[in-house]
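Both complexes shown next keep subunit A, but they swap its partner, so subunit B is in the first and subunit C is in the second.
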Partner chain A sequence: MTNLEKYNKAFIESFNIGKDKLDGLKYQDIIAWDSVGHMQLMTELEEEFNVELDIDDITDFSSYEEGKTILLKYEVNLDI
Partner chain B sequence: MLRLEVVAIPMYLNSKIQLMAGNDKFSEMPALKPLVPFDDSVIRFLDELSGLLIKHPQGRDFPEIITFGFYVRKSSITRLKRSYEDLKSNVGRGVSFHIAPSNVPINFAYSLLVGLLSGNACIVRLSSKELTLTNILCDILSTLLDMPKFSELKEYVSLIKYEQDTEINSFFSSICDLRIIWGGDNTVKELRKSPLPPRSFDITFADRYSFCLIRAAEYLNIKDKRKMAFNFYNDTYLFDQNACTSPRLIFWVGDLENIRKAKEIFWHALHELLIEKKYLVQPMMAVDKYSLSCDVALDYENVALPIAPDNLISRIELESLQSDLPERTCAGGSFFEYSDQVPDKLSNFVSRKFQTLTYIGFKRDELVEYFANLEMVGLDRIVPCGKASEFSLVWDGYDLIRHMSRVVSFE
Partner chain C sequence: MNTSKTLCFDIKGIQECQQNRYPQLFIDNITDVVPGKSAKGFKNFTYNEWFFPAHFEGDPNVPGHIQVECLVQTFIMTFLCLEPYKGMKTNFVKMDNVLFKRKIIPGERLEIRAVLDSFKRGMAKGSAESYVGEEIACRADFLITLPDVLESFKPRKK
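Coming up: the complex of A and B.
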């Protein structure tokens, strides 16, 4: 699985949504991505990429796109 | 091998105790070896627990469970562990006996957490109230502890329930090295009837008072008023304003016109949120809120009670800060308000009873500087609005991990 596939999988499984909904998805756009869903997503991503997300990054992680930039800081490149 | 001083619990007392999870051989717990702070076995257990909690199907009904699960996940605990790296020669004190409160049901889990993280065996008395959240968590803890891979750790955990009983309190007090009493002044008083062994001590969480400091002009500049209302809701109504961290006094700072505007917007935004959340004021609470307003109106001078469309938010505007104000508390959304150009009146008002100050429209550093110079006897935490109930290993002025472990000194 590529990094992008893993990234998408975390969203799809945490929020139970289709892949077509991911582009442009923002925090609180859908009911599932509330504060509870956010914690579930963060846990999935930490496990998937074996990283420890900093509390500021967890707070700043406000969209599907923003998350990609944040993960780059942890040397997780989603383009490969 | 059991230590000689082990005293078995009398049968007639044992039969009154209901085991909810873990080890039922209480008398043998003093013989267990203390663990080191952040022991690997504890971190492994917490991580497995975290996985089950975060994905729990009832998580949305009980967000506290998810928040706790998130707090105990491996990366979070590993980060906490790093801030205690200097504790290389510490070990747990032995047996910790926790008396959990009923006002914040999830609290027992955090008490157990600090007990284990600091290296102690934990006997946790849960509130005898029948609470769904407690049952969900106990079921999960029980299932995990019964797994063969956690059989050693199971010996260190007893989650129990019993009706208030001084004899049982005395038994557990007699075998513990550390007693952690939540639940306020009355619970502390009750437990103090039961003596502790000479070297043991109490960590007490007494009745506390919390308030919120808002700079009106800055509040007016905040774009997302709904989010701020939500933060305030999380500090207050989420626990029916019953938590010791829930603000009861709002101290407005600024000029009168800004404060007037800010109050209008602030309370309106909160009211909308309460309607959206379908918050219900129980009949008893409504009576208490009304009677508090009447008492205060009679006892204090120049009190204003703003007219409200319903009884969701009860406001009591004060012209002065009386020293007995912290004794006048009431749950379910009852707020005192006081306004001034500067927060200077706080220095004489803050007593030992003061715990958490939440703030809106201030910078952390300016408050650090401001309060550091005041040298007050009270106030243990200063946190942004919305974070009042966020758990921390430093609580009520205690650094719990350091307090609950023993330092072995070498020279």
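Coming up: the complex of A and C.
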């Protein structure tokens, strides 16, 4: 599984949505991405990529696209 | 905090840790608390309880929702006993694998054993089981949040 597939899987499983909903997805666009869903997504990503996200990165993580940039700081390259 | 120390709470101590109050506070005392890990709770049911005459006349027994409250009120003590979280409000998010195995009647004493599996960023996951003597009465898995803690981790912009 590529890093991008793992990243997508975290969204799909945390929010129970299809892959077609991911592009452009932002916090609170869907009911499932509320404050509780956000924590579930952060936990999924931390477990998937074996990283510990900093509080500032958690609060900056406001969209599907933004998250890709944030994970780069943890040396998680989603192009691989 | 030394998390290897076990703690006990009487009704006053319980009320310092959690916001449930009569008639919604059910547990009588908490023992064997390993902060951040586990806790044991006790509840003595007498016919004096407000719900027995209504549930049911001629067959008084503890309603399922009150059994679940006993479980969760013991469970939240595993983390509400930790100083930064003491007295905070908690919210239910999810309950899974709830099983009721035994009727509980007036005069019986419930022992609740709760285990905290993870506690991170205001989200607590774990489970609790209750017993009358050696017989299991009910069990459930919980996901509980501390909304005041969760608030500080939500995205700043949409």
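We adopt the following convention: the second predicted complex is superposed on the first by the 80 of 80 C-alpha atoms of A that agree within 3 Å, B and C clash if a C-alpha of one lies under 4 Å from a C-alpha of the other, contacts with A are read in each partner's own complex, and residues count from 1 in each chain.
Throughout what follows, contacts are C-beta pairs under 8 Å (C-beta built on N, C-alpha and C of every residue); 3 or more make two chains touch, one makes a residue touch a chain.
Computed from a predicted model, the values in this text were never measured in an experiment.
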item	value
First, second, both or neither for A:Val36, with subunit B first and subunit C second	both
Partner chain(s) touched by A:Lys26 [first = subunit B, second = subunit C, both, neither]	second
Partner chain(s) touched by A:Leu72 [first = subunit B, second = subunit C, both, neither]	neither
Which superposed partner A:Phe61 touches (first subunit B, second subunit C, both, neither)	second
Residue contacts on subunit A - larger count, subunit B or subunit C	C
A:Leu4 touches, of subunit B and subunit C: first, second, both or neither?	neither
Overlapping contact positions on subunit A, where the subunit C interface meets the subunit B interface	35-36, 39-40, 42-43
Residues of subunit C defined as touching subunit A within the complex	93, 120-123, 145, 147, 150-158
Subunit B to subunit A touching residues, read off their complex	50-51, 54-55, 59-60, 63, 66-67, 69-70, 73, 75, 78-79
Residues on subunit A engaged by subunit B in the complex (per definition of touch)	35-36, 39-40, 42-43, 46, 51-53
In the complex, subunit A residues that touch subunit C	26-28, 35-36, 38-40, 42-43, 55, 58-62
